[in-house]
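For clarity, chains are labelled A, B, C, D, E and F in written order, and residue numbers in each chain start from 1.
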Amino acid sequence: MNSSGFDVFFLTMGAAMVLAMHAGFAFLEVGTVRKKNQVNALVRVITDFGFSTVAYFFIGFSVAYGINFFAPVSELNNIGDASNGYEMVHFFFLLTFAAAIPAIISGGVTERIRFWPNVLASVILVALIYPFYEGLIWAGNFGFQAWLNSTFGAEFHDFAGSVVVHAMGGFLAFGAVFMLGARKGRYTRDGRVNAILPSNIPFLALGSWILCVGWFGFNVMSAGNAEGASGLVAINSLLAMVGGLLAALVAGRNDPGFVHNGALAGLVAICAGSDIVHPVGALSIGIVAGVGFVYGFQLIQTRLKLDDVLGVIPLHGGAGLWGGIAAGIFGSTAMGGAGGVTFMSQLVGSLTGVSIAIAGGLLVYGAIKTTMGLRLSEEDEYMGADLAIHQVSANPEEDMGA
Amino acid sequence: MKKVTAIIKPFKLDDVKDALLEIGITGMTVAEVRGHGRQKGHTELYRGAEYNVDFIPKTELSIVIPSDQVDAAVEAIRTAANTGKIGDGKIFISAIERVVRIRTGEENEEALS
Amino acid sequence: MNSSGFDVFFLTMGAAMVLAMHAGFAFLEVGTVRKKNQVNALVRVITDFGFSTVAYFFIGFSVAYGINFFAPVSELNNIGDASNGYEMVHFFFLLTFAAAIPAIISGGVTERIRFWPNVLASVILVALIYPFYEGLIWAGNFGFQAWLNSTFGAEFHDFAGSVVVHAMGGFLAFGAVFMLGARKGRYTRDGRVNAILPSNIPFLALGSWILCVGWFGFNVMSAGNAEGASGLVAINSLLAMVGGLLAALVAGRNDPGFVHNGALAGLVAICAGSDIVHPVGALSIGIVAGVGFVYGFQLIQTRLKLDDVLGVIPLHGGAGLWGGIAAGIFGSTAMGGAGGVTFMSQLVGSLTGVSIAIAGGLLVYGAIKTTMGLRLSEEDEYMGADLAIHQVSANPEEDMGA
Amino acid sequence: MNSSGFDVFFLTMGAAMVLAMHAGFAFLEVGTVRKKNQVNALVRVITDFGFSTVAYFFIGFSVAYGINFFAPVSELNNIGDASNGYEMVHFFFLLTFAAAIPAIISGGVTERIRFWPNVLASVILVALIYPFYEGLIWAGNFGFQAWLNSTFGAEFHDFAGSVVVHAMGGFLAFGAVFMLGARKGRYTRDGRVNAILPSNIPFLALGSWILCVGWFGFNVMSAGNAEGASGLVAINSLLAMVGGLLAALVAGRNDPGFVHNGALAGLVAICAGSDIVHPVGALSIGIVAGVGFVYGFQLIQTRLKLDDVLGVIPLHGGAGLWGGIAAGIFGSTAMGGAGGVTFMSQLVGSLTGVSIAIAGGLLVYGAIKTTMGLRLSEEDEYMGADLAIHQVSANPEEDMGA
Amino acid sequence: MKKVTAIIKPFKLDDVKDALLEIGITGMTVAEVRGHGRQKGHTELYRGAEYNVDFIPKTELSIVIPSDQVDAAVEAIRTAANTGKIGDGKIFISAIERVVRIRTGEENEEALS
Amino acid sequence: MKKVTAIIKPFKLDDVKDALLEIGITGMTVAEVRGHGRQKGHTELYRGAEYNVDFIPKTELSIVIPSDQVDAAVEAIRTAANTGKIGDGKIFISAIERVVRIRTGEENEEALS
């Protein structure tokens, strides 16, 4: 029996689940922003996904893996050792990761970013910056992994992308949010934070649930083929999610936003080590991520005065970085893990990713800001991105009275 | 005829309505409003950030009645809407010069009820 | 190792994903109609699904494939060469396609159709008309495919149903919409169109996302068994979806309804050729479908004066027809495709389907109109189908004040 | 080829689908309660899931199956005969069933239960009471199945948990609802029922759709491994769902709540016998479940004066019990089923489950009521659980005016 | 100047607006309210349980106009809002002492229209 | 006592509220309304079809105050609500005969504030 068909099936399910996560990103954002920006959140997320696909198909994938699809179908079906067009569904699966980069950033820049400058940034990030680091870590490009291995005794281990995807996205958002500035009315003249209340908790929760469920495709299917599917990855994802949500419940004093984001923080943090840490380690990793998210969110908004609307810097950036490092701690055999990792490789690998992200974000968003401008006019921001950009509100029948 | 307009706490509407029905006043119109008064703006904390609640949800009840029922109506509303706490609301009385029932064209006292 | 279990697994996932698409149809409609018709949209879609299942189980499936399930369980488990009851999950998978017919039409006739006449139409379509054409194309019934093959050098190739499902549904809707007439207030006396604004863009977007994700089950699992799963089908579906959404974004000037429906137009169009066209061909097919939807929608409402509420005639009918023909263009080896198709077979096969659909739709809805009546009374239409048919509104606590 | 990887894949999909069902439970509840309790419904469901995971991981799973995970990863990956960490994903799959217990009860106790007492009850049920009965039936603990076999000629057959999960949850809810008492204003002084209208039908329907789709993971993946996947289970689940929804449509006179819950009633009832009854038997089982739900719901609220908000006692309890018994009727070869069941074993097995649930529910909720109290203060209940417990409403921007 | 306030059935708003425009009255303000009157509380059944609908959705239309236009306005509203069924609504007329246009500061008759 | 009712642009509410607080007027009631006037119906295009926006969202602010504060209040509202563009709104002044505070039973001037 030919196993390629099964692997195509396996990755199709994974890709569909991570594709669904993009709907999750959209609804998490729809629920968190004000009503006048809901439509824009929806359109921006799906548009970013569209342009990301094009960017990764024509450029990004070959930057990372040196594979492209400019050959007749008959050859495409048999790239590599595989048949059944395995490499094409593999592309699809990895694209859904790449496209998560703008989806993550979206939650930070929402309610005030202009439409096309945002698209441009997404394209640059998905075509070049993300695949550069992705290739460094997952394709062994430029000898970085080999160097870590010879220097610190192991490669940098990031099974499903705590750092490659999440910390990358979260810290790219840092540059974007910094360049954009805070929403009008977010800070008083004397520097206190004004709360801007979310529009719709059920949509926020819906987004979180979709992300949670899809995440099992993100993590388990990161094995790449059905034969390698691992029950350990599944249970660890579960326990980290639970650790994150329960910790955020307590630290966030029952706030629904914290609870539902806490689950995601746990999942972000477990990606890197889900195939090597012990389930109790996964629970601990999740707990730290959940508490870290609650305090990180408040710290960033009050101390750093960064108006990161959904808290993507602490959620994806902070928890992702923690996940990369935590794999070096809880993955060791001393902690009941499977071993094969070293703390130093994890630390250096993670910080390298974070540095690239911060530098890349400042650069890309800074350049766009100075050349074409990043931000809606004050009037458009006041009116809301929905009417300003899309000429329609979230509930047209009710709002626009026909 | 007079118009009696009462700004009350929303959850008291049912009690006030019943009190008015009891004294034979059945016609009334109700609107959702927001109010500011002694019970005024307070500041709350949401995820570590402050926000101000300047206006508090209230219900505005209007009844147009013959002048001689005003005292009874005021009394009924006062008793039913009172919780003894700040923000219980106010009653405003003003004059109405003419009333028309759309369906029949009846005017004034006949048009009430 | 016995492969039937895997194929059952494969098709169960496919069927579950396409079942989910019916929720997608429901929410796309809920979001697009006025608030007073939301409940009816929901109940009508799930009810249609229920009656479709009964109709296809007792009649339709044997019309198309000559298989029925009126034997003891022990025999059912081993119909055909398969074990593990493969044919029963195959029925489930194909039913979710058949039931898409009334789900598609639903978006055209909503806000004014009577409940039970609509059910009756759904039953007739799913029991007889759809399976007749389905069998013609997918089961080789009546020698139609053989004739195409000998006349034009290839069978009509419709891998996942651009024509068999979507054009069929879309053009059946033509007859339904025509017989029903426009919603009250849709056209002014001097013939201009009045906009009737959608109630809820987030629900519309939710519906679209569910459809997009489920579509990968629709297309990839159309292989029928796990061994045949094809990465090409997956990547082509992705690229056509993206082509459709980006094209509709631009052509529709950022309108959220066009963007989210554009993705679906791309997916409709790629069904037929997803296993044979090149990914760049798929992107092109999607772009044409997306632009076509935007202009087709406006054309139908302003020129043809058909009040097709969700635009299912251009979306499923137009894009489906285009998909059937496009497979004959982009599927050729000259265009980098896998070959094995001819333009003429695609054209004739597609137009045959469209003709059956138009004739069938006019016949069925016309007959019901003259015998029992199709349309809500003016008063019920004004009040809304929710209160008129279901005695409850979409937000009872708020609307019906308790 | 190693099949463990495929089985891990198989159960991961099953677990993800049943995990999604918890979102379904949440939205079914969000839509049915009043607006002032929506946030609480969301937070309570996800929190219950979190604590259930911890309780089942540390205690419940070993109560039921004698397996725990307190060993290094290298050993965990090979528990039992399996590799690839199969037992860990098996845990995940079974946990999603165990966690359904509080999710089911949640719909009965909503709008008035205190937060932490509810968590405590969930933990006790998932750690001890549910796994006790689960082990009795599914792990052959304490010789109960052996006794049934020798006494009545067959073991108690509950393929996917009509009784083990649903009747258990539904009748545990009986004790909870009884101990809590009715919502303020639910009954007039002279004993008539006041309707308390649902807040949001689209969310209710969304919840139902998510549950319906996820259920195919619940049932089909109950085979435990891909080789055992059965098309009969899939088609039977489909037909019972359809039977339930159509019957509830008619009996409930087009009410959207009844239709969408009727589908679930059919699915609850088919779990037990889905692998043995004939599809037409499944349709009949669903029809009875759908009608039974409509009348059971009204009976319980008007006659028994139990304020079971979502109707979980008739939905999960009633239909679950019926499903357990029905497997003994329609599963017989005389009815075209696969045989291997006896009516008496089904009856005794089901009633044993129901008895344990009723006793357990009264005990646990009674004990918590007398020691720490179960119910919100009158003032908090009036204000709503959202503001009382979570300091935030479902639409903060709109409701809390910033 | 007078204020004419009409409580009407919501679906009649468009007709009433057109009738007023026809006689040259263009300034108007509209609010969603709920009313109780002859057309009063009824009891409905939902899934076997009763509930009371005490207040019925109505639309409140207010126009401030010169006193000599009152009769024409009342007539226009009456004709347009009439369905002949209970609950058609009422028209209340009261005095307005002064009007100011915010933009220009114009007062009274000049500020109307 | 007088009732001063201002129909203003919604986004000006905060400014108007602050202006009133500044001159010592703290009691106020606010409602969401829709208005028609000089700034009237316009036609928009949605997906190739036209629709009419007949009424524009406005905010209605009512304050009941002693007669001698009317001028100050009108001035404060005018200044704060003015954008100079059509649709800025109107201020209507009418008489209030009696005011009652529900909580205490105080009447008239005492009941204000």
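FYI, contacts are C-beta pairs under 8 Å (C-beta built on N, C-alpha and C of every residue); 3 or more make two chains touch, one makes a residue touch a chain.
Here the structure is a predicted model, which is why all the values come from computation and not from measurement.
Touching subunit C and subunit E together: D, F.
Counted as hops between touching chains, the shortest connection from subunit B to subunit C is 2. Note on chain placement: the centre of subunit B and the centre of subunit D lie 47 Å apart, centres being C-alpha means.
Per-chain Cα centroids separate subunit B from subunit E by 18 Å. Centroids built from CA atoms put subunit E at 54 Å from subunit A. With each centre defined as the average position of its C-alpha atoms, the distance from subunit A to subunit C rounds to 33 Å. Contact with two or more other chains is made by residues 1, 6, 13, 194-197, 200, 206, 255, 257, 391-392, 396, 400, 402 of subunit A. Of all residues in subunit F, those touching 2 or more other chains are 31, 34, 44, 46, 51, 54-55, 94-95, listed in ascending order. The chain pairs satisfying the stated touch condition come to A-B, A-C, A-D, A-F, B-D, B-E, B-F, C-D, C-E, C-F, D-E, E-F. Across the complex, subunit F meets subunit E through its residues 2, 6-8, 31-38, 40, 54-55, 58, 60, 74, 77-78, 81-86, 88-95. Put simply, subunit C touches subunit F in their complex at residues 192-197, 252, 255, 257-258, 297-298, 301-302. Residue ranges of subunit A in contact with subunit F, taken from their complex: 382, 391-392, 396, 400-402.
Subunit C meets subunit D in the complex at residues 1-2, 5-6, 8-9, 11-13, 15-16, 19-20, 22-23, 26-27, 30, 38-39, 42-43, 46-47, 49-51, 53-54, 57, 69-74, 76-77, 84-92, 95, 115, 200, 203, 206, 389-398, 400, 402. Contact residues on subunit E toward subunit C in their complex (touch as defined above): 11, 34, 44, 46, 51-55.
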